[in-house]
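Chain IDs A, B, C and D follow the sequence of writing; residue 1 opens each chain.
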Amino acid sequence: MAATAAVRVRVQAAPFDYGAECGGFVPASGASGAVVSFLGIVRGAAGRLARMEIEHYPGMTEKAIAAIAGEAARRWSLDAVLVIHRHGALVPGEPIMMVATAAPHRAAAFEAAEFLMDYLKSRAPFWKKEIGPDGAEWVAAAERDEAALGRW
Amino acid sequence: MAATAAVRVRVQAAPFDYGAECGGFVPASGASGAVVSFLGIVRGAAGRLARMEIEHYPGMTEKAIAAIAGEAARRWSLDAVLVIHRHGALVPGEPIMMVATAAPHRAAAFEAAEFLMDYLKSRAPFWKKEIGPDGAEWVAAAERDEAALGRW
Amino acid sequence: MIEVLYFAWVRERIGLPRESIETGAATVADLVAELRGREARYAAAFADTAALRVALDQELADFSAPLAGVREVAFFPPMTGG
Amino acid sequence: MIEVLYFAWVRERIGLPRESIETGAATVADLVAELRGREARYAAAFADTAALRVALDQELADFSAPLAGVREVAFFPPMTGG
């Protein structure tokens, strides 16, 4: 399965429709018995955040995500992987990114989705800046995000 | 959060649309930053399975699922939980069931979704029968499914 | 009178989904012993209680549980949902 | 000539997103030392390399990595995607 996993990666400024993406992913999942989807949404934090700006490294971003998805397909028996990650300006409530995995068994689908999230967070070249009433600030990397890689 | 988690449970014979359910779940997720969805699909097993029949225990089913979802909402900080499980006749490729969780952080959303799956598999009163060219057979409970409960 | 429900292969072996039973059984195990003594199809269904689960008034229970006050008993194999 | 790219607050401190640099630096660390010596804004951006990451030709690398054959070097803070 690993060798034939259908991997799709999209890096885009435009919003995406989680429901439509989930629905579109199912036929791509082939003979899979299990599909796991994850959606990250910009949190509003009680009026503290007016908008978020996500900078990325065009060229490296796509390569880094494809490498992470490829690694997931090597580690687990997967039929399909989808990763969408936005850049540019986002407001609270908007989708930031999503991953979806399809596998014959649910444990593989769940683990691969969590692996993708952990690696995308710390190894794909995106940087978040939060713009609020008190000014703008680059989001600091959390130690727990780096530590999360240790479990794989 | 736990006290206010919006829990929705549906037990039905009719198919459901995973994409539409995922899309509809996002607004219900409120201030959540993370949504995890799981979809279980009837696997075809290379022509070995003509159809599946799922029997359930009306009355107890809804109570058992609500209790499992309530336990998830007590253990993790969740904004919303959705569980849909079908009964009756299903053919390969059809959706069997889904869960969705929304939480402020991704770890809680993932863990709660996996907890729901593990408990639904062994503690909600559903029984699967596989009907193939060689006859019909009740699916045996897997020891690993019972063992999976040990991690929670 | 107690309502007794059967599901999956327990239902198929016994040949009916539910029945009302007049019983003096004190526990689930006593009821099982009583049913086993009825007919071969019951003996077949209850041959190995380790392969069975029981719910009392729609809550999972043990075979040692008392039946006092219980209105609905259900017997079935381990669940295979999800 | 080597293309040097800056992202996030590294870009903001230095005041430009990329530049072409003529350098004889053998390693990333040598290049950082050279840039630090240029102007205060570079010294500020590279004050603490423990807070920085580097990519060579779009692959993450160490500060001790050699620059021979490298066409594109990028400096940025730890990633915060997802």
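Following the convention adopted for this analysis, contacts are C-beta pairs under 8 Å (C-beta built on N, C-alpha and C of every residue); 3 or more make two chains touch, one makes a residue touch a chain.
Remember, it's a predicted structure, so these values are computed and weren't measured experimentally.
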(request) Please state, in steps, how far chain D lies from chain B along the shortest route of touching chains. (result) 2
(message) With centres defined as the mean C-alpha position, give me the chain A-chain C separation in Å.
(response) 49
(message) What's the distance between the Cα centroids of chain A and chain D, rounded to whole Å?
(response) 26
(request) Would you kindly tell me how far, in whole Å, the mean C-alpha position of chain B lies from that of chain A? (result) 23
(request) Please set out, as single numbers or ranges, the residues of chain C touching at least two other chains. (result) 82
(request) Mind pulling the residue numbers of chain B that touch at least two other chains? (result) 40, 106, 117
(request) Spell out all pairs of chains that touch, sorted by label. (result) A-B, A-D, B-C
(message) Under the stated contact criterion, what part of chain A meets chain D in this complex?
(response) 40, 54-57, 59-60, 63-64, 85, 96-97, 117, 120-129, 138-141, 145-146
(request) Within their complex, state which residues of chain A touch chain B. (result) 17-24, 26, 29, 31-44, 104, 106, 109-110, 113-114, 117
(request) Within their complex, state which residues of chain C touch chain B. (result) 5, 7-9, 11, 55, 58-60, 74, 76-82
